Amino acid sequence: MFEASAPLSERRQVARDMFVLGFDAPAVAAAAKAGQFVNLGLQPGPLLRRPFSVYRAGGGRVEIVLRAVGEGTSQLLSLREGDLVSVLGPLGTGFRFDPAWRSVALVSGGLGLAPMLLAARDARAAGLSVHWVHGARTAWDLGSEWDGEEATWATDDGSRGFQGSAVAAVEEEFGAVLACGPNPMLAAVAERWPDAQVAVETYMGCGTGVCLGCAVPLTAGGYDRACREGPVYRAADVDWPALPSHLYYTAVPVASPSRPSPATGGGEVPV
Amino acid sequence: MTADLSVDLGHLRLRGPVIAASGTFGYGTEVPLLERRTLAAVVSKGIFLRPRPGTPPPRIVETPSGMLNAIGLQGPGAEALLRDYAPLWSAWDFPVLVNINGETVEEYGELTAQLDGVPGVGGFEVNISCPNVEQGGMYFGNDPRAAADVTRAVRRRTKLPVWVKLTPNVGDIAEVARAVEDAGADALCAVNTFLGMSIDLHSFRPRLSFRTGGLSGPAIRPLALHLAHQVARNVQVPVIGIGGIAGPEDALEFLVAGCAAVQVGTATFADPRAIAGVHDGIAAYLESKGWTSLKELPRYLPLD
Amino acid sequence: MTADLSVDLGHLRLRGPVIAASGTFGYGTEVPLLERRTLAAVVSKGIFLRPRPGTPPPRIVETPSGMLNAIGLQGPGAEALLRDYAPLWSAWDFPVLVNINGETVEEYGELTAQLDGVPGVGGFEVNISCPNVEQGGMYFGNDPRAAADVTRAVRRRTKLPVWVKLTPNVGDIAEVARAVEDAGADALCAVNTFLGMSIDLHSFRPRLSFRTGGLSGPAIRPLALHLAHQVARNVQVPVIGIGGIAGPEDALEFLVAGCAAVQVGTATFADPRAIAGVHDGIAAYLESKGWTSLKELPRYLPLD
Amino acid sequence: MFEASAPLSERRQVARDMFVLGFDAPAVAAAAKAGQFVNLGLQPGPLLRRPFSVYRAGGGRVEIVLRAVGEGTSQLLSLREGDLVSVLGPLGTGFRFDPAWRSVALVSGGLGLAPMLLAARDARAAGLSVHWVHGARTAWDLGSEWDGEEATWATDDGSRGFQGSAVAAVEEEFGAVLACGPNPMLAAVAERWPDAQVAVETYMGCGTGVCLGCAVPLTAGGYDRACREGPVYRAADVDWPALPSHLYYTAVPVASPSRPSPATGGGEVPV
């Protein structure tokens, strides 16, 4: 685990509202495996760090993919090149890969695409054939980056590829399934492929295993730490109904038009 | 020349003033901490006699400059603690105190008895912010008498250091402080988290599954400082200040206000090296003043 | 279509849920507020019967997401208030309540009698976070009986709305709440500031000349929300939530937690238009939900 | 009074550690008078605004001059061009100017130079002859900008001009004295020129007169609000011993080397 005060060195858009940010943090980048995450600290900014899957890693750079859903993600997206962020990582236990599987399906929904590029990299390194099945609401919300051979797209509105969820879009049999996406989607994965490896999301306090804030309820009883034993679990090991499904990625739709905030843009008004 | 930062608590000598707070540093084994030299002591995550699963998620909520938690004292119980952690602790060059909890006075006593004398267990921090099931769930820490009963039950079972950790959610903290001092506490830790709540505007219910949680972090610092100061003015035993300490200035405020040492909790979440930062910053401050020892720091403890 | 944001407190109808908190909005005349339409009511700076100079500076200290203040209830006294402000207030289209204070129960009563019936005075907010000089400086608000005595003394002198503003620095706020409700309060305001301290590392003394101060601002929000919710669950009269509200989401949390209205204080320092922002944001939220009235907002008030 | 979400449009150094920042806020700039201040809000940033004298105003821009002494000032100095700040102002009651005075001495120490350029402007507009006497620790700490005729420099170490304080450096008689600087310096001004107009500093909560946090103790008894009745006072009207002299412009010298902060620069360390 490293802590890097890392400059933003890359920013690009990959889907509607979805951006990739890259930070120069060579030691973190070199150590990162698929399914692991980094915990980003902003100062000034919110008290706690924000966890993000490692999207890409290489050339001394760690990349994440995100959408603005609240204070921390908005602040991250307003950074400019060279701005420093504290990158702590890599954290957590990533995906396992077993050459015996021969093939693997990577199933993702929405921002769940985040760990899949690295998963494809590590799967290929393990000699596996890789098929990515990725779903989103519309064609505009699908990620645009994929360097592999086989990919299936799914959209809720049918605007590209299969109409329906990524889970429903998987038609063949694979040696193994790796999945990431909203927790309800992962519950569906668990129904269909109990042995799938899934990367879950929880609120996190520390990201390093000391606070027990990231509890993942287990079917065997008790709780694991998403940041340490997870975020990757065997799908059937997670007690899905007990895992909060109310982690919303949309802010409460209230407007505070008159609060002076750099984010709301310029203008001068008498008070 | 490096200033002498060691702290003499009377019953225990620490090599520095900065202690890792319970529940925010696991069992001291989680983070591969390079700056161990700056750790004066570790208080381990709160433990009960028997294993506890803890509360269902969500367990934490961020708030402005703070966070609410309701972990529900998840822990492996005394047996597993002794098996899995005490042997590691016994090799360390700083003490580990165990944060102990119970649902009855007797449970505190029994837990103490089980842990006492085991190599690696350097002392006890008695968490009295637990519901007293024999008294209808009222917190031990809110009632000077119940708090004293717990303290005595622990004290009777051990000669190791006994610290009692006070709750801020009480009308008159000085009264509880005096009661537990009289009952034999070697030091008082002030304070634990403040009761708070947060509401989810999607579900129209509390964000925490436990409904309420304890507020920690910089937000509570001025409140905790006031309470620690109140306690320091009302007891003779050393007081260990806790609450929102993130940097050396924060720690120095507690020390000036009459605390003998401090604990750092939530700050380590944002910065795994927070304790080293506080320790080194205090050293730099003393040196900038030309002081050779922490004992030269002026204290503010007016009598009125 | 604009949602109906009016609030019926039973004893008083307000055109919206957002009230300016005492001590943070002066006498309502200082800031030329363009968005007056969004002001449901103003509570004026706390006043005593006679003029008070207030405490020497420094009076405020910033803390993480909060601030400590010890203004010492500086004010012009009843006579000047009636002369200089009440005439202005009487022309406004929203009520101004006067935050009243006293050193004895009788002083509260006398102040009420002097202000009652004067055009412009729309009601009273009784601040019980004052030291009771007859009882050795113990705060009225910490003692259910003293709090009830003050409430009765005010109630007897007026038929105008009487709100009682509770202090959070108390062991059991629900007990005080029930006592002042029984004594005739029309509404309860929860809460006032939390006792805190900050130490100056240059002088090794408290930064505030008064030594301690009251913590306000977003830092206290989760604590204030919890207390307001406790109060709402324990009384029948309407509760007005206060503490760290800066945006509409914050206000909605208090409303869901059982409050009938809210007050905004410290947030106006950072943003003179904070009240308008909270009001308009609540309206936008209701509209996004397709609700036509604030009454459709779900409330979380479990019985257990 | 206006609230402007104003972009930073100017940044220049005027002395050792001393910088001028300019914000585009035309309405504030047009209304500002000498001795008035603006209250600046940062988001993310500290809860309360930070007050600064208006240094220059014109061409749609408001300028302030400052040194990094804490969180707010450090954050202001790390802004980049185009970054938005909430500018609230102009606030307070500025200097009065009376043509009958004929001449006026502007006496400032350290950052007390802040209101003096505008004071010179407004004094000249009132037909007064202006003499600026400005002191600082060393030649490096004197401000470098002065567009008037008469100026006297004073330094504690004698590295430029008069050796000693700005107050001591005033030798002639003037129709009036206007002063700004650390409160102890202003107390010395009050001793020598009871009728001088001095601009004081206090902690401020709101800057708009509602919180009573900025109390200035008066010789007549009671307190005034620095943000409303002040910040400019008749020197003899202020009860100087009762005005806190412990508003330090130096942070407590503690280093937190290991706190991850963008301000502490790059680097990557194992934890």
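Observations
For reference, chains read A, B, C and D in written order, and residue numbers begin at 1 within each chain.
Note that contacts are C-beta pairs under 8 Å (C-beta built on N, C-alpha and C of every residue); 3 or more make two chains touch, one makes a residue touch a chain.
Just so we're clear, the structure is a prediction, and the values are computed from it rather than from any experiment.
The chains that touch chain A as well as chain C are B, D. Averaging Cα coordinates per chain places chain A and chain D 48 Å apart. Between chain C and chain D, the centres computed from C-alpha atoms are 35 Å apart.
Chain B and chain D, compared by their mean Cα positions, are separated by 44 Å.
For chain D, the set of residues that touch two or more other chains comprises 1, 3, 41, 46, 86, 88, 252, 260, 269-271. Residues of chain B in contact with at least two other chains: 31-32, 61, 65-66, 201, 217-218, 249, 252, 270-273, 285.
Taken pairwise by the contact criterion, the protein chains are fully connected, each one touching every other.
Residues 1-7, 24-28, 41-46, 71, 75, 80, 83-86, 88, 260-271 of chain A touch chain D in their complex.
Those residues of chain C whose C-beta lies close enough to touch chain D in the complex are 23-26, 30-32, 45, 53-62, 65-67, 69, 71, 74, 200-203, 209, 217-218, 266, 268-273. Residue ranges on chain B touching chain C, taken from their complex, read 61, 63-66, 68, 142, 170-172, 194-199, 201, 204-206, 212-213, 215, 217-223, 225-226, 229, 244, 249, 252-253, 256-257, 285, 298-300. Residues of chain B touching chain D in their complex: 31-35, 246-249, 252, 270-274, 276-278, 280-282, 284-285, 288. Residues 1, 3, 41, 46-49, 86, 88, 202-217, 221-223, 228, 242-244, 246-248, 252 of chain A touch chain B in their complex.
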